[in-house]
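Chains here go by letter, A, B, C and D, matching the order in which they are written, and residues are numbered from 1 within each.
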Amino acid sequence: MKLQEVDSRGIFSGYGLPVPESILITDPAEAGAAAKKLGCPVVVKAQVLVGGRGKAGGVKLANTPEEAAEKAEKIYGMDIKGLKVQKVLIAKAVDIEREFYVGVVIDRSSRMPLIMVSPAGGVDIETVASENPEKILKTVIDPAVGILPFQLRGMAGFLSDDKEVKKQIAKAISALYQAFMGVDASLAEINPLVESPDGKVWAIDAKINIDDSGLYRQKKIAAMRDTSAEAEAETQAREESLSFVKLDGNVGCIVNGAGLAMATMDMIKHYGAEPANFLDIGGSSSPEKVLAALNIILRDENVKSILINIFGGITRCDDVANGIIEARKKMDMDLPMVVRLTGTNSEKAMEILADTDLIAASSMEEGVKKAIEAAK
Amino acid sequence: MSILVDENTRLIVQGITGRDGAFHAAQMIEYGTEVVGGVTPGKGGMTTDSGVPVFDTMEEAVRETGANTSVVYVPAPFAADAVFEACDAGVELVVCITEGIPVADMIKVLPYAERRGTRVVGPNSPGVISPGSAKVGIMPGSIHRKGNVGVVSRSGTLTYEIVYHLSENGFGQSTCIGIGGDPVVGTNLLDTMELFAEDDQTEIVVLIGEIGGNDEEKAAEIIKGGYPRKVAGFIAGRTAPPGKRMGHAGAIVTGGSGTAADKIKALNDAGVRVADTPAQIVDIVKDLA
Amino acid sequence: MKLQEVDSRGIFSGYGLPVPESILITDPAEAGAAAKKLGCPVVVKAQVLVGGRGKAGGVKLANTPEEAAEKAEKIYGMDIKGLKVQKVLIAKAVDIEREFYVGVVIDRSSRMPLIMVSPAGGVDIETVASENPEKILKTVIDPAVGILPFQLRGMAGFLSDDKEVKKQIAKAISALYQAFMGVDASLAEINPLVESPDGKVWAIDAKINIDDSGLYRQKKIAAMRDTSAEAEAETQAREESLSFVKLDGNVGCIVNGAGLAMATMDMIKHYGAEPANFLDIGGSSSPEKVLAALNIILRDENVKSILINIFGGITRCDDVANGIIEARKKMDMDLPMVVRLTGTNSEKAMEILADTDLIAASSMEEGVKKAIEAAK
Amino acid sequence: MSILVDENTRLIVQGITGRDGAFHAAQMIEYGTEVVGGVTPGKGGMTTDSGVPVFDTMEEAVRETGANTSVVYVPAPFAADAVFEACDAGVELVVCITEGIPVADMIKVLPYAERRGTRVVGPNSPGVISPGSAKVGIMPGSIHRKGNVGVVSRSGTLTYEIVYHLSENGFGQSTCIGIGGDPVVGTNLLDTMELFAEDDQTEIVVLIGEIGGNDEEKAAEIIKGGYPRKVAGFIAGRTAPPGKRMGHAGAIVTGGSGTAADKIKALNDAGVRVADTPAQIVDIVKDLA
C-alpha cells in the first residue's frame, strides 16, 4: 500500500526526522491562508500516488500567499497519469545547497533491510543506479542488531565532508530506518534530503510503501489508505480479498493462483490478443468470490469475453462449476464466458456446465483460444 | 532419492486443529505421508479424527514423536512464532504454507532458523512433494507421478498445471518444491538447484520462475558455470505491467528490474530453453530426456 | 552493582510489572503514617544488600499502623550479616495463594539471557536447583529476536493452569526481560511472584544487579548506588578504580591483575597464612594508585604486613619501584612491606629498593613467604 | 604451526591513534608482527610514528592492506561497534583487548561475528602470541620462548607469571591465548582446546583457569573423553569468598557454582594434575614432557 506524501511526512516527523512544516488542503481557496500561516516562500504540492508529479507540473514554488493560491488553483483538479488531484499540500520551502537521496528497502538476496544513499538527490534514483552506480552506497542492515554506528558514519561520510552536516545526516538515516521498521514498510524514501545554505538538513519529500501483510497490526497506517487515489475497481477487489490489476486488453480472466493468472495473461498475448486484467481469486472458489470477480471485470467496458481458468486441486471442480452457475444466475450479463476446469472431478464439472451457454474448454490452451475467438 | 521429504519424513502439523490444518493433515495422511503429530496451543491431549495426537508445544511434539519435519498452517499473525518454535524444537525442515506473514517477521525468523540449522521452505508455499514417498503441503497428490524431473517454482496452481502436463506425458517427478511467492523466502531457487544437483534421482530440473527479484538470473549464471542437471524453464508474467503487484507479494517489477524478458534472456543465454506455454514444457523435457 | 529492593521495585514498576505500592522510610517514626496511607496489612522490610534478611528477622507483617511502627522500630538499626539497617520499606501486603520464582541472568555457555521460572517460589532458588532441579524451567532468549510468544506460553504454562493467571504471568515475565535488558542488568529476579486468592499476580519482592560495565550509559541507575550499604573501604576502592575485596587474614596484598591477585591470595593460604584482602591495581602502576591502595589496606587493623606483587610486563619495574618509594614517603606507616617486582627492568628496581627498609623478594614465592614471616 | 596468529597474520590496529593503541602497535611491530594498518574514524590519511597507515574505516583498511586480523584498543563505549565493523570488513580474527564492554553489547556482537565467520578473542583479553611469529595484544613479548606448550588462560599477569617460569625452565610455547576475564567471551576455553588439539606444534596444554562459570569443568569432561594432548592445570581463586567479584567481571562464585575446588576436582578426576602454585606448573610440565 502506498501512502500519500502528507502521511509519510507525518510518520517521518513522528520518528524525529526534520520535516518542514506543512498544511494539507482539500480546497484551493485555503491555500493563501495556509501559506500565510507557514510563512512564504512555500511549495505547493499535488498529493497523488504516482511518481513524476514534479515533471507533470504538480509541484510549484510560491513566494507570496497570493501566488500560493494561484498555483494551488492550477494544481487542484489537474490530471496526473490518470489520477485527479484532490488534495494539495502547502509546505514551508527550504533553500537548497545540496540534495541527497536516502531510501530503505528489503533486499531479497540478503533477506535484510538495505539502505541506499546517494549524493545525487532530487532525481530519479533508478536513473542514477543505471548511469552512475558508483554514486549509490548500499548498506545492508542486520535487523538482529539494527543500524550500527560505523554504518551511519560510512553513509554520512559518503554524502558530506562537513562534521555538523554528517551528524544530522546520520541522525536522519537512523530515524528513517526506525520509521521503516516501525510501520512495516516495504519502502521508505527521502528524495531529496536537503542541506540548506545554513548547514541544516531537511527531509523535503517523503515516500512510504507499506507491506500489505503488515497492515493487520498497523491500524493507524491502514486507516491512511487513500481510496480516492486509486481506481474504484481496485478498491472493490481489495475489499473482496481479490488480487486485481486492470490492463488494456479485451479478454477478461478469472484464475485461481497468481502464477497461473500471469501465465493465463501471457498465453492470451501469446495467441495474439490482449488480457483485460490480472485477477487471482486465491485458494477458495466460493460462488461469492466468482460473483465479485465478475462484477469487477464487468466494470471495464473494453472486456468482450471472460475466461475462467481454474486448476482444481484441493478445490473440487464440480463445486466450482456449481458456483459459476449460481453466480451467473444472480447477474445480468451477456458476454461470452469460457470455462476451463481441470483436476479433481473435472469430468463431473463439465457435465454440470454442459447444459449452459457457458463455453467449456478441456485445457488452458483451448480455453484461451476460445476466449480470444469469443472476444472478436 | 528425492530431496527434502521422503519416506523418512516424520511430520508434525502446526495448526492441526484449524480448518486448513485439519483438512490438509487428512489429505497428507491419505497420500501416505507419515504424520506423527500435530500442535495447537491449548489443545494438547486430544486426538484428531485421523487419529493424530495433538500437543500443546512443538518441544513436546518432537520429544514424544521423534518428528524431523513440520508444516505450518497457522494464521499469519502467529505463523512466525510457529516457525521460531519449530526451530527451537529441533526439526530439520519447516514448510510454511501460511500466506501474508509480514516481511519484517520473516527477516527475523530466517537468520534464527539458519543459526539453529533448520531449513525453512516458504512462507506462502504450496509445499514439497516427493511423489510416491511423502507430500508435505497443499498440492493435489493425484496429479504427480514418481520420476526423474525435479520441479522448482514460486507458485502453486501454475506448478500443478505444468506437473499435470508432465505426468500426463509420462514424465514423473523426483521432488516438486514450491519455494513461495513472497519477496523473502527461506530456501530459494538457488538453494533448491543445489539440492537437485546432489540428488541422484533428479535428471532434469524444471525451473518455473516469475517476475520480481533476480533469482532466475542468478540461476542462469550457475547453469552457465556448469550445472550437472539439464534444465527447462518457464517464466510467468511477460505481460505484467511494472510497479503492480501480481498477486504474490514478490511478483512485482520494480525500477525496471525483475522483468520476465530479462529472466528469459538470461536463461536463454545460459542455454536453457524457456517454454512459451505451460504445455510446451513437455516438448522441451522430451528433447532433454 | 546491587540495587536496593526499593530501587528495583521502582524499575520493575516502570516496566509495567505489578508491584504493590510502598513507601521508603529512613526514620522508624514515619512507619505508622506510611502504613496508614497505604492501608493495612503492610509488610515492613529492611533494605540491605544481602540475601537472607527474612530469616534474619528483617521482614515482618503488620496488621495495624501501630504494629507497623513497632516492627519498624525493631528492624531499624538491626545488624544483618554485618550491615546496619538504615532504610525500611513499608509495602502493601498481598494475600498469597501461590508463590513463583522468576529470574533473568546471562547464561555464560549460550552467551544469551536465560530466564528461570519455578513454581517453588519464596524459597532460596539455589536450594530448589540442587534439590528439585525438575522444578526449574530454563529458557534461553536470543537477544536478536527477544522473548518469543511460544516461550512465554511455555513458561506461564509451567507455573499455572489458569488461563487468566497464565496471561498475567506471561506479561510479567515479558516485562521482567525488558527491564533486564533496559538497565544493563546481570540479574533481575522476582522471588516470589505471587498469585493472590482473587487470581491477581503480584511482584512482592524485587532484586536487580547491574553489569558494572553498563553503568556509564545508565546514569539514573548509577545514581542509585547505596554506599551506606557497603563497607567504606570498598567505596573508596571503587572511587580510585581499584578492585578490592576485604578478607579476614592479616597479610595485605597489592597486585597487578585479577588472576595474579587471586593466585597471590591462594599462595598466602598455601603457605599457612591468611590474606587480608584481594586488591588489583590494574594495568597501570602509578604512585597515586599505590598510595590509594596502601591507604585502603591500612584501614584494616588486622593487617600485619603488606606484600606488593607486580609482574611488570609493559609496565617497567623501575618505574613501579620509584612509585612505591614516593608513596611510602607520603604516608605514615610502620608495617613491614615486602616488594616483589619481576619482568622488565626488575634488576634496576631491586637496586632502587636496596637502600630502603622495604623487604625485597625476587620471586612471588619468596615474597609471599617473607610477607607471612613479617606478619608474625 | 601454532594457532590463531602466525607469520601470515596481517594486522589492523583499531584505535591506533589512542594512547594504548599507539603504544602497543609500536610494541607489536617491534616484536615482529606484521602491522599493516590502523583505523581511527576521522584520522584517515595520516601515518603513525611507526610508519603505519591510518584509515577511517575497517572496510577501507582491509581493502587497501589485505589484512586478515584486527586487534581492538577502542574505549569500551565504542568497542562493540569496532568489532561489528571488523566482522563486516571480513577479517578472520578479531582480538578484543578492551575491558569494560557491557555484556549486553557482547551478546549481540558474538552471534553477529559467528554468522559472518569471524572469530572473536576477548573482550578483556591480553591477546594472543605465537612466540617467534606474531604477537597480537599487550603481553610482554620478551618472556616468551618458542616451543611446544600451548597456554590458555582467562587472565593476563598470572599468565605472564606462569609463562615466565615455563620459559626460564626451557619450556617454550606454541601459542599463548588470553580468552578474557569477562563472563561472556568469544573464543572460550573449549574452543581453544579444540584448536590446540589440531595443532601439530602443541604437545602439552597448560590450562590456567579461575573461579566463575564452568568451562573448566567442561574441559575436564573433554579430557576424560580422550583429548589428544597432555594437560597441566592451574586454578586461581581457591581463597575467593562467594558472591564477590574478584576483579574480572567473570571471576565470581555464584550460587555455590564456579568454585576453585569444583574445578580442581573435575580436572583431577580427568587425570589432570593441578599445580598449587604458578611455579609448580613447571614440575608438572616436566613430568609430562
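One rule holds in what follows: a contact is a pair of C-beta atoms (placed from the backbone, for glycine too) under 8 Å apart; a residue touches a chain by one contact, two chains touch by 3 or more.
Just so it is clear, the model here is predicted, and its values are computed rather than measured.
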Selected pair, greater C-beta contact count between A-B and A-D: A-B
Rounded Å distance between subunit B and subunit C, as computed from the means of their C-alpha atoms: 54
Computed distance of Cα centres, subunit D from subunit C, in Å: 27
Multi-partner residues of subunit B (at least 2 other chains): 108, 111
Subunit C residues counted as touching two or more neighbouring chains: 142, 144-145
Topology of the chain contact graph, where touching chains are joined (line, ring, star, complete, other): complete
Subunit B - residues contacting subunit D, complex: 111, 114-115
Subunit A-touching residues of subunit B, taken from the complex the two chains share: 23-24, 27, 76-77, 100-104, 106-108, 110-111, 138-140, 142-143, 153-161, 164, 181, 183-184, 208, 210-211, 213-215, 218, 234, 236-241, 244-251, 255-256, 260, 276-279
Residue numbers on subunit D that touch subunit A, as the complex places them: 41, 56-59, 78, 81-82, 84-85, 88, 108, 111-112
Sites on subunit C touched by subunit A in the complex: 144-145
Of subunit A, residues touching subunit B in the complex: 106, 108-109, 111-113, 125-126, 129-130, 142-144, 181, 184, 186, 211-214, 216-217, 243, 245, 247, 255-263, 265-270, 274-275, 278, 280, 283, 311-314, 342-344, 363-365
